[in-house]
Amino acid sequence: MKYLEAIRLALSELLASDQRVFIYGQDIAGPFGGAFKATKGLSERFPGRVLNSPISEDAMTGIAIGAAMDGMRPIVEYQFADFASVAFNQLVNHAGTLYYRTGRPCPIVARLPVGGTPGGGPFHCQMPETWLSNHPGLVVVAPATVADAYFMLKDAVACRDPVCFLEHKYLYYHLEAEFDPQSAEHPGLGRAVVRRPGDDLTIVAYSGMVHHAIAAAAQLESEHGLSAEVVDLRCVRPLDEETILASLSRTGRIIIASEGWPFGGPTAEVAALVAEKGFQFLDAPPVRLAARDTPIPFHPELFMAHHPDDHAIVQAALDLARY
Amino acid sequence: MKYLEAIRLALSELLASDQRVFIYGQDIAGPFGGAFKATKGLSERFPGRVLNSPISEDAMTGIAIGAAMDGMRPIVEYQFADFASVAFNQLVNHAGTLYYRTGRPCPIVARLPVGGTPGGGPFHCQMPETWLSNHPGLVVVAPATVADAYFMLKDAVACRDPVCFLEHKYLYYHLEAEFDPQSAEHPGLGRAVVRRPGDDLTIVAYSGMVHHAIAAAAQLESEHGLSAEVVDLRCVRPLDEETILASLSRTGRIIIASEGWPFGGPTAEVAALVAEKGFQFLDAPPVRLAARDTPIPFHPELFMAHHPDDHAIVQAALDLARY
Amino acid sequence: MTQQADRIALFRIMVLARTCDDRMAKLKAQNEVPGSVFVGRGQEAFSAAAGMRLRPGDLFAPLIRDQAGRFAFGETPLDAIRTVLGRRTGPMRGRDGNVHRGDWAAGLLPMISHLGAMVSPVVGTLLARRLAGKQTAGDLSVGVASIGDGGMNTGALHEAVNAAAVERLPLVLLVADNQYAYSTTSDRTYACAHLVERAIGYGIAGYRCDGTDADACLETVGAAITAARAGKGPQMVVADLLRLAGHGTHDDASYVGEDVKSRFGDCLQFYERTLMQQGVLTAESLAAIRDEARKQVEDAVQQALGEPQPDVAAEEWWARSERDLVNVRSA
Amino acid sequence: MTQQADRIALFRIMVLARTCDDRMAKLKAQNEVPGSVFVGRGQEAFSAAAGMRLRPGDLFAPLIRDQAGRFAFGETPLDAIRTVLGRRTGPMRGRDGNVHRGDWAAGLLPMISHLGAMVSPVVGTLLARRLAGKQTAGDLSVGVASIGDGGMNTGALHEAVNAAAVERLPLVLLVADNQYAYSTTSDRTYACAHLVERAIGYGIAGYRCDGTDADACLETVGAAITAARAGKGPQMVVADLLRLAGHGTHDDASYVGEDVKSRFGDCLQFYERTLMQQGVLTAESLAAIRDEARKQVEDAVQQALGEPQPDVAAEEWWARSERDLVNVRSA
């Protein structure tokens, strides 16, 4: 099953099993079924519960908030995470503040297609986790596997708090794997997981970057005899500090890699975390790998050079091992 | 002169000396002169150059962008930084991307009244530096002194890039100091400065928190014989890494304090910076002090307990010194 | 209710709101109030009219000048005052204050400050009720959202009203054109001849009314709400009136021109005179209404002043309801 | 220009744009294009009409279906194609692509993707020119901004048009109602009878025109631009037409109903037939225009294909023009 199909399966099962669930977003109704086809066929199977919205991200979000406060479990699809920038206020200042202010949680799920694809350019490739994570109240998750795309979307709808669900556009069609949707065994929404155990260093990543980390770890093993442990954050807000620190305590060295921009955000937060709470474990400085500090370039070659990949991680790991 | 008066003086001198400068924002024209009176008297002295805008932060920002691209040096006043959340897209995706995309910089200055005052509540007390700092392209400065309010505002207008100018609302009326507006001597826009030299530990802060840091340093000296160096970042994006690391190299211990929320942002960035590039200087883990991870409470007692103050810094410093 | 009883009820609410606003301003002057105090002086008739025509199960998203509408919709003076005083009691528990109070369960939305932002959540609730099959055709529960002449120019307002129009939901937009957005005159905030002209662009019904004429407000707002209930889609009512006080108690409103003042009177004074002239009110009943209002407000103030402040030591600093996300898992 | 010469010039532009769009689609099919390709098929008349009535010093903020307007305003096929191909040459240097090309100095705004976001910068430039005393009363430089039926419902659009109306700036909003926002039908994006009804709510002039009738477009858009130049404030022109292709080349537009297709023809075919019938065009001149367009586009394609890709090694990764803020200091 493909990453995108896992999301569609989860959506259809959610619509089938929970009358409170409906989906609202641009171009999601049939026959079209969404810019990425995540909702293909769903409006036909669930009449009146998969609704096209106007191009009004602020209102789309506010509408979900109102519906959630009235007992529904709305799922909003933004066509690209980049365009949620105009929904920023409703997300952080409304959805994110309701529980603390009123005691009533606001269970919306914001589905955000994130991440880069060659030729996508500055406004169709962004990673939004940093600007969604500073204000209190939002949960921000970024599934990197097909199974997580499925289970975490269901968990996101089960969560009482507003969840920003980051779906990586490159993984939509390029990531395929088998998994058992029936299996009761999957980690909780806020749990980071070790994708690959290792002893020499820890590579922390999330979303699409997890696959670069795994590829890098394989190469480090086969070509350099280095054993790298890969930690997939899965949930970037809040962080599973326990799992990160446990890995660091074993390896003593850590690289944090992200497709996002360098200033602030999860990479800074994890680096700060290990410096504050894992100081005694650190045999070397934590290393951050992030995108270049510019808008995301359109041209594929510039694009590929804009964010770290497995080669960059391998290089950083070799330097770190030598420290 | 008061912090607010320094801002007004800088604005009037900018309007007088540079025909390209105009100010656009809500309620800034006379006789009213702005929610905080920063522009009091200016529309009368500079007819047609201090313009009231509709309640349209997205358009206010886009209008400034267009004017700047046509050769002007617009200054936008947002009534509260909290409301710039609806200008987020124009700031980060438009102003911030123009130079890289087109080679033409976009010299706008966004004046943002930031920070908490008792009874201000969740939507009139926020610190926006974190969500303004992840996207590339924006400069984010936060003057903590009367002289900086004056000089940095002029420097912000001189800067070819878009500058978010964070004015602390509490300092507006409560901070008063003499300085010589004629003095050619002032640090550049991107420079952090040591407000108070010390040997035992470094306290990094910005905006209103600088004054808590200075008070804490004084108390640490007088009551505990600890010599704390206070570094005022002044510019949070980009960071003056040199000054921060130089201080740490002398003290070996560092506390980063902010009124902002804990996740990501300058406190995480500075902690990550010292862990990555100052690892060998660190005699103890870097310590971060930030606000509670909730919306900013309305009630003054809750409000005071929501963010760190000089007492919290002193306590953290004593613990850190003992490490 | 007979029409006269209705009119008296409306007048009562207006008096109660005015009394409460004045008392809050006094509390502010007495340094009892942590934050700002905003009053609806001069706008009571329009606001109250909406609350009067709502019923349990409906929604009301008030803004900063809607004390009258709040009372008419069921808010108690005690909840109003204890919130303004920042007491631990009451809906916001001192975490949020003054005009930001509300109770989603009761359909009274706690506003966030960003103007225009409260309309789409009303639209969303109305949509949810349709989807959940909770609405009865021809007798829909409706949602009233307040906005000002200034707030009409926010992107949030535009997107929300348009979305409501597309879904033909029973939204009633209450536009109080009080000639100023804070200190900014209408000619600096919009350029159409009258804000009611926005309605046609959204494809919804538009109404005008004289906000200083309480009977006209009751009739026009009532008609709009009735049309929304009947399933005629969103309705927009624009009232012409003037804020007869500062933006908040901190503002002396010295920027309000004499010419403007001369054009707008006080809806409360007008209504009192009318009801007296028509014999609907007598000197005695008027005095009784005033005493009653004063007593209600004073009782609330005294009780609220005696109520506890938030307990900092016991405060739970949680922005999320899920305390342990590591264990959040779908069934 | 004589009116006939004008009409022929308009037709030329339409043919050139159609030829260029088709060639870009072909390049995409040939895997020469990194990103998406959006075409303006069916919308050339309306777009070109605007460009035809602009002059140097004016502003044009095109969107994704404005190849015709771009050419009419002076963009070269070479700049269009090299940008679509992501070449280092051309205005965006491979950093941005396809429809995001532009040149602020030439008044051709490089769009960001967020719909509605390009209007307020046009307003700001027009405001700047008034403030800087660069405008000549009665003969103002104007700014044309494009938007679609879908984009009309963004908050950004609302705020920008309202601000332009308040300042009475010479903004001409070109609304191409092509019946769909991507796959979404108009009944799901707005509820007014016709989008021109939005104009009254903003207090600006509104015009309707048949977007499939090139002469009508030239006349109506021309009248609007003339009114803006004369100082009559913002103008809104709404054209009814249909996108005769997918949203982008990746989209087969299978969601477009036959009924809709039957209601809208091809502005280019219509105009060709009209001009032939009226003898304004002859078989020869038509063939010449077509050959000329093909040659222009093909020359541009060949040159662009030969131009260098961005040099990753030499790329300057700077989002700020000030390289060292530590030294930024006012004089």
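Lettered A, B, C and D in written order, each chain numbered from 1.
Here is the rule we use: contacts are C-beta pairs under 8 Å (C-beta built on N, C-alpha and C of every residue); 3 or more make two chains touch, one makes a residue touch a chain.
Quick caveat, the model's predicted, so the values are computed rather than measured.
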### Summary
Contact tally winner between A-C and B-C is A-C
### Message
Centre to centre, using CA atoms, which chain is the farthest one from chain A?
### Response
C
### Task
State, to the nearest whole Å, the distance from the C-alpha centre of chain A to the C-alpha centre of chain C.
40
### Task
Could you put a whole-Å number on the gap between the CA centroids of chain A and chain D?
36
### Task
Could you grab the centroid distance between chain C and chain D? Build each centroid from C-alpha atoms only and quote it in angstrom.
44
### Message
Going by the contact rule already set, what residues in chain C reach two or more other chains?
### Response
92, 95-96, 100, 112, 114, 153-156, 159, 162-163, 166, 188-190, 318-319
### Query
If you look at chain A, which of its residues touch at least two other chains?
53-54, 56, 58-59, 82, 85-86, 89, 93, 96-97, 100-101, 122-123, 136-137, 238, 292-295
### Query
Inside the complex, what are the residues of chain A that reach chain B?
58, 82, 85-86, 88-89, 92-93, 96-97, 100-101, 122-123, 130-131, 133-137, 237-238, 260-261, 263-269, 271-272, 274-277, 279, 282, 284-288, 292-295
#### Entry: Residue ranges of chain C touching chain B (in the complex, touch as defined)
33-36, 86, 92, 94-98, 100, 112-115, 150-151, 153-156, 181-184, 188-190, 254-255, 309-310, 312, 315, 317-319
### Message
Applying the document's contact rule, which stretches of chain D touch chain C when the two form their complex?
### Response
153-159, 162-163, 165-166, 168, 187-193, 197-204, 233
### Message
Help me check something: in the complex, which residues belonging to chain A touch chain C?
### Response
19-20, 22, 48-49, 53-54, 56-72, 74, 86, 89-90, 93-94, 96-97, 99-105, 136-137, 139, 151, 154-155, 157-161, 186, 188-191, 235, 238, 240, 242
### Summary
As the complex stands, chain D meets chain B at residues 91-93, 95-96, 100, 102-105, 110, 112, 114, 117, 119-129, 131-132, 155-156, 159-160, 162-163, 166, 318-322, 324-331
